[in-house]
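Below you'll find the structures, each written out as structure tokens.
There are two complexes below, and they share chain A, which is joined by chain B in the first and by chain C in the second.
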Partner chain A sequence: MQPKKATRREFLRMSGLAVAGMAMATCAQPAPAPIQAPAAPAATSVPPTAAPAVKKPVTIQWWTVPSEEFSEEAQRKLVDAFHAAQNDVRVEISVLPENGFSEKMTTTLGAGEGAPDVSFFWTDAWLPQALDLAPWIARDKFDTGQYIKGFFDTHSQYKGTTVTLPLGVGANFVMYNVKVFDEAKVPYPDMSPDATEWLQMIVKLNDPAKKRWGGDRPRGPYRAIWLNFGARMYSDDGKTVEGYLNGPGSVAAYEWLWDLVQTNATPTPADIELLGTQGTGPVDLFMAGRLATATLNQGHMLNAMKAGLPFGIVREPGPTGKPRHVNSWSLAVGIWKGTKEPEAAWTFLKFWAGPEGQKFLMENGNLFPSIRSVLNQYPKADLPHVKAFFQILEDNPVRAITVRGWSNSGILNAVKDLWDNINLGKIKREEIKPALDKAVPAAQKALDEARAKVGL
Partner chain B sequence: MLNTWRQMRPRARREALEGYLGISPWLIGFLLFTLGPILASLYFSMTQWNIVETPKWIGFANYIKLLTDDPLFTKALQVTLTYVALAVPLRLVVGLGLSLLLNLKVRGMDVYRTIFYLPAVLSGVAVALMWIWIMHPDMGVVNNLLSLVGIQGPRWFWDPSTALISVVIMQLWYVGGSAVIYLAGLQNIPPHLYEAAEMDGANRWARFWSITLPLLTPTLFLQLVTNLIDAFQVFTSVYIITGGGPLRATWMYMLYLYEQAFQEFNMGYASAMAWILTIIIVVLSIIVFRTSDRWVYYEDTGEKAQ
Partner chain C sequence: MTTAAHEAPIRTPLLSRRWRLFLGHSLAYLVMSALAFVFMVPLFWMLSTSLKSRWEVFAWPPQWIPVPAHWENFRLIFERVPLWRYAGNTVILVIGNLIGQLFAVPLVAYAFARLRFPGRNTLFFLMIATMMIPYQVTMIPLFTIFQRLGLVNTYVPLILPAFFGGPFFIFLMHQYIKTLPRDLDDAARIDGAGTWAILYQIILPLCRPPMTIVVVYTFWFTWNDFLHPLIYLNDISKFTIQLGLAMFRGRFDVEWNLLMAATLLAVLPLLIVYFFAQRHLIGGIASVGLKG
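== the complex of A and B ==
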């Protein structure tokens, strides 16, 4: 039988249909989704009353990523050190690329199988799959008080219990270029700079002829500067937006941003997009002396130290006399609740996020430990900018106020246009308060929905 | 079907089995990695699901919220439809124009064809970063060239009034891929038709309207369908360059879908969005298929599509 020869018309139609089919497939699969709900049996959160003597070595899986704080090599050495310290637990390390790690963890946790025994739990949505550590902490009298309080409180708790431990610390602060300040004959800023004086200072530092800006712009509202002004998205009980999102603190913070933009002493969003370093702040501009001051982090501080750049560190600006806040973070590390070896996983977790592990990663990498007694052993702890960084770590964490167990993105969406309008210079200063008032109903609705989603 | 199988002769059965065996890698892949996720996403679209916890069945609530109570969804749809309306015709016209140029008999044409096709194989992220440099208001190539002739260029991606059109212009960068397909269509047009037209005194323009364009309509049809689908799914460039701003001027559908799925972990909601987009694309594709009867000519039948 002769096969039927397709005409060109049929071929093109078939091609069109095939393409449409593929598009459907693409559109309709936002994730390589597992069909079943997580089915992994939860490891008991009630450990034996005493740690049993493990007869033969138990092997556990550890997923990690290489980073500026700890290279792959340093982490492999950490495993060697752990093996040398005890004989009961063997760790199989998988160093995964940072790009894609979150997606892999999300899908394996969602699938309910194949997740590592020990890993990072740096996304809040993963926390329901983390083992409750409280009974183990109690049994072993593991000292959680050794962690810097703000970091332990904001990076280990879920639904009133401890599910992770904080590994390392990081924070945003303002770095200023000493050379630029000297050249412009501008005095160095105070440790807690006043927001109004800050604007005057960056204008003096700004020099278009030298293609130099005085300072950068905040990267979003309701972070350190906003909180320094007393701004809040909602009430302390997390229920009301009215009077907070549009309260005096919020209005003052947005007005300060408006004033900052109007100084013309900061790069525009287009400049930052072009010249900044993707996602991590304008460190290159700062290092090149084109930004006299910039909000950066401890990784950038190490880069500047390595480059021999003279610089200083101060808090992000705020009104004088008001409590200061810091946008700080830590890496939450924990145990998957589907683990078959919770005892062994706990043994390794204690080592990794405990004094020995953090000290090891500090000495063999760039980790700033979240344990005060270990942090104090940092070899360059006496340098003025390192001291300043350590001091800033003690400030009120932004996360303590803004992370409440539900998503704030809907609220931030409600004020997104105001943010853009100020940055584009398309709004008058006196229009800020009405714009915030206008955003309140949508923000309240978003808050109510976000709370309902987590059962509040 | 079982009866048909029983009525088949042993040899025919064996051939059929061999056929199925031959296509089985694709078939299994399709069932597991395409059809499975499609059906799963349909189920998830009717749940509240954050991926790591058990999905909670909520019926059509996601769809109802999307269609009646989500201004960001409405905005995303509006921006995306505007983008599609601008980008698709422009890509069709520019792609066709480029293919006509690439069809000229000029020395070194293979090199030109390669050059114009190259952007189609470059990484979307790298291209997006390059376009930031090209379109930067103060330091970009475009505005510097404009300033040479006394024109102050716009702020392109960084102004709400020009951001979307900037994305449309940027997407023309990839038009070389379309041009190659047009080129294949152009080269399938029998030369004797042009020779006959020339003998009848038809000028270039008349030859284009009466021969090239009608005989290229099957290719145009394919391009229309593929460009339409592509345009609805634009993501990388806006994600890298504008993030949907400024003032949501480039707030594309896929950006919102991505945000819901992978930043907010609202996978159920994102699945519902994906299905709505699928329905929109399918409906528009059906419309294009239906209207093709009126404007697509096929050389083999000498008639319009039926």
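== the complex of A and C ==
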């Protein structure tokens, strides 16, 4: 054995030196990126007065995801089109997996560093980190009136100002499988189906031997079906729960849900948990013919069209004669307020969410634009389901009623037990009204607290 | 009692020893085969799904053997996502992490197990305590550090931490080294060996079981890691295999058939590593567990 004279002390010293060396080597990486102040609102504090002459091409980061509406390829082409249209701004695109985009954005926005200049801001919690676009919109006289009103009003505003622009439109509607209806010899539903008749229809479509359900269940209260029944969480002035949360409309909607569950023609929450696979709707079961009807959206519609599945589209059910509502949305796109290049970011944002970008994504992808004049040029607008979708988009948007600048989650928590008990079949129909009455104090407290949090 | 025992009739077994052994083994094999079948079902479902068309996946009754089999799915996944490139990127990370862990873990574990220095127990306790901190707590501070060092969108944040040793591995190896007789160290020292020689020529060759665990688990963790590459990498050409798999999940639905085809290929390296290392792995865990 070779004699080694290193003592323990020397061993420890050398180990320490090795670790220190590694740390120093790490610190000595060449050309580190400039340190950004955490979420510095510098860009917001200096409202632009005039579009400055850009000296040289500025590079900005754009994070996006691939989608049925805008594939990776279409978005890369969009960048090429943007580069061809001007020479001042270069865009570095990162197409990230949709599953994980939120974690990445939350981490970078939370750190106040490393976030993209331009991106989706589709989570309300991110909006405080979005640049206030109002001064830029005013300076450039950017026409916000071009957006479909409901979508701009309810999806772009935060604390009374515009922080994002609406990209595309989406909505929930009921898709029905024509083959299943034909096989069961059931007439296709009306465009505005009656809630009571709906229950009878799905029972006829139900076929346990084939593991086929007639329809699915709503994914939450106080969405389109609830509002169709006239249900409201609180008064129009947003101050009172009593008489609204437990009002006749709410009671009727919950009773309808109770009736729906009792038909045994819908998958249980456990079935959906196991087979639903996507929070956006049980599209796999629908496409496999195991759900005769399902509440889905325009992305699912595009997939069904691509698969050549015969299907139709109708509104979500409601009582006949009452105004219809729609869960509709737009993708909020904005600029990170810590950006070093707000001018360049605004230039690209205008292009992406403006008429040129949305038209490009409509023609090269499948985007349904949020700009009326562009939407009117949709190439497949004559298809019956596309027509039905456009018709549904005109209904009263749920967000216009439920989004008030504060969080409704506390109020919904107050009625969560009722929701669960109905879905699990653990409550009698006549117990619904008392259960809602009982939830009122907790809901009122939650409403008061939510309002107080936003200074109301 | 002795008398009573003598008076008891001698019971002859119903079956000969050979038959009893045969039946015992048969029963054991039967139970193990049944369990193996249960554990193989998800793997078989994955294979079956990978050969289906997109919307056949949830059809009823389920088709275990799809007809026709859509072998083209295995071609499509490479057209959709550059999986070879992502696999290559992941191999770089695996190698980097293996080098880091194999360098740092024995050093730290040996120091804690054998050397005496002030604050040793406190430092060891602190190191163990870091295992209790959820990653979500350190995620943002770590990101900030690497961002300020200009290392985001490089592989350094995904490799460098391994050079400080994983606390779980250090703990594992520390426990194992403690079971080795100190006489070995003393004998080597009398022969003139220094601390480094004792570590690398005496202790490490005896640490094959825990080292195997370090290798296999490091490979496994790194290969399957989704969150770290997601957070630190922006450039799609640097993505790893798990990020590639995530690309088959769309905003509105999942291409299960393609995802399963890609996943099947992605788990193959893990299965191969496990196949070759299982004897050492199980032996390693058992020995560390028993002696620790």
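By definition in this document, the second predicted complex is superposed on the first by the 409 of 456 C-alpha atoms of A that agree within 3 Å, B and C clash if a C-alpha of one lies under 4 Å from a C-alpha of the other, contacts with A are read in each partner's own complex, and residues count from 1 in each chain.
We take it that a contact is a pair of C-beta atoms (placed from the backbone, for glycine too) under 8 Å apart; a residue touches a chain by one contact, two chains touch by 3 or more.
What you are looking at is a predicted structure, and each value in this text was computed from that prediction instead of being measured.
Colleague: Touch test for A:P269: chain B only (first), chain C only (second), both, or neither?
Modeller: first
Colleague: Looking at the overlay, what does A:P128 touch: chain B (first), chain C (second), both, or neither?
Modeller: So A:P128 only meets chain B here.
Colleague: Contacts for A:T293 in the overlay, against chain B (first) and chain C (second): which applies, first, second, both or neither?
Modeller: Neither chain B nor chain C is touched by A:T293.
Colleague: Mind working out whether A:S156 is in touch with chain B, chain C, both or neither, as first, second, both or neither?
Modeller: neither
Colleague: Under the stated touch criterion, which partner chain does A:T64 make contact with: chain B (first), chain C (second), both, or neither?
Modeller: Neither partner.
Colleague: For A:G110 in the superposed arrangement: first (chain B), second (chain C), both or neither?
Modeller: Both partners, chain B and chain C.
Colleague: For the three-chain arrangement built by superposition, which of chain B and chain C touches the greater number of chain A residues?
Modeller: Looking at chain A, the partner in contact with more of its residues is C.
Colleague: What residues on chain A does chain C touch that chain B touches too?
Modeller: Touching chain B in the first complex and chain C in the second, residues 7-8, 12, 15, 19, 26-27, 29, 31-33, 35, 103, 107, 110 of chain A appear in both lists.
Colleague: Sort out for me which residues of chain A touch chain B in the complex.
Modeller: Residues in contact with chain B: 7-9, 12-13, 15-16, 19-20, 23-35, 37-38, 103, 106-107, 109-110, 123, 125-126, 128-129, 268-271, 273-274, 407, 409, 413, 416-417, 420-421, 423-424, 442, 453.
Colleague: Help me check something: in the complex, which residues belonging to chain A touch chain C?
Modeller: That would be residues 1-8, 10-12, 15, 18-19, 22, 26-27, 29, 31-33, 35, 61, 63, 65-69, 94-100, 103-104, 107-108, 110-114, 210-212, 275, 277-278, 280-281, 283-285, 287-290, 297, 299-300, 303, 307, 309 of chain A.
Colleague: Applying the document's contact rule, which stretches of chain C touch chain A when the two form their complex?
Modeller: Counting only chain C, the residues touching chain A are 54-61, 107, 111, 115-117, 139-140, 143-144, 147-152, 154, 156, 160, 163-164, 188, 191-197, 201, 226-227, 230-231, 234-236, 243, 246-247, 249-254, 256.
Colleague: Okay, in this complex, where on chain B does chain A touch?
Modeller: 33-34, 36-38, 40-44, 48, 50-55, 71-72, 132-133, 136-139, 155, 157-160, 218-219, 221-222, 225-226, 229, 232-233, 241, 245-248, 257, 259, 261-265, 267, 270-271, 274-275, 277-278, 281-282, 285, 289, 296, 298-301, 305
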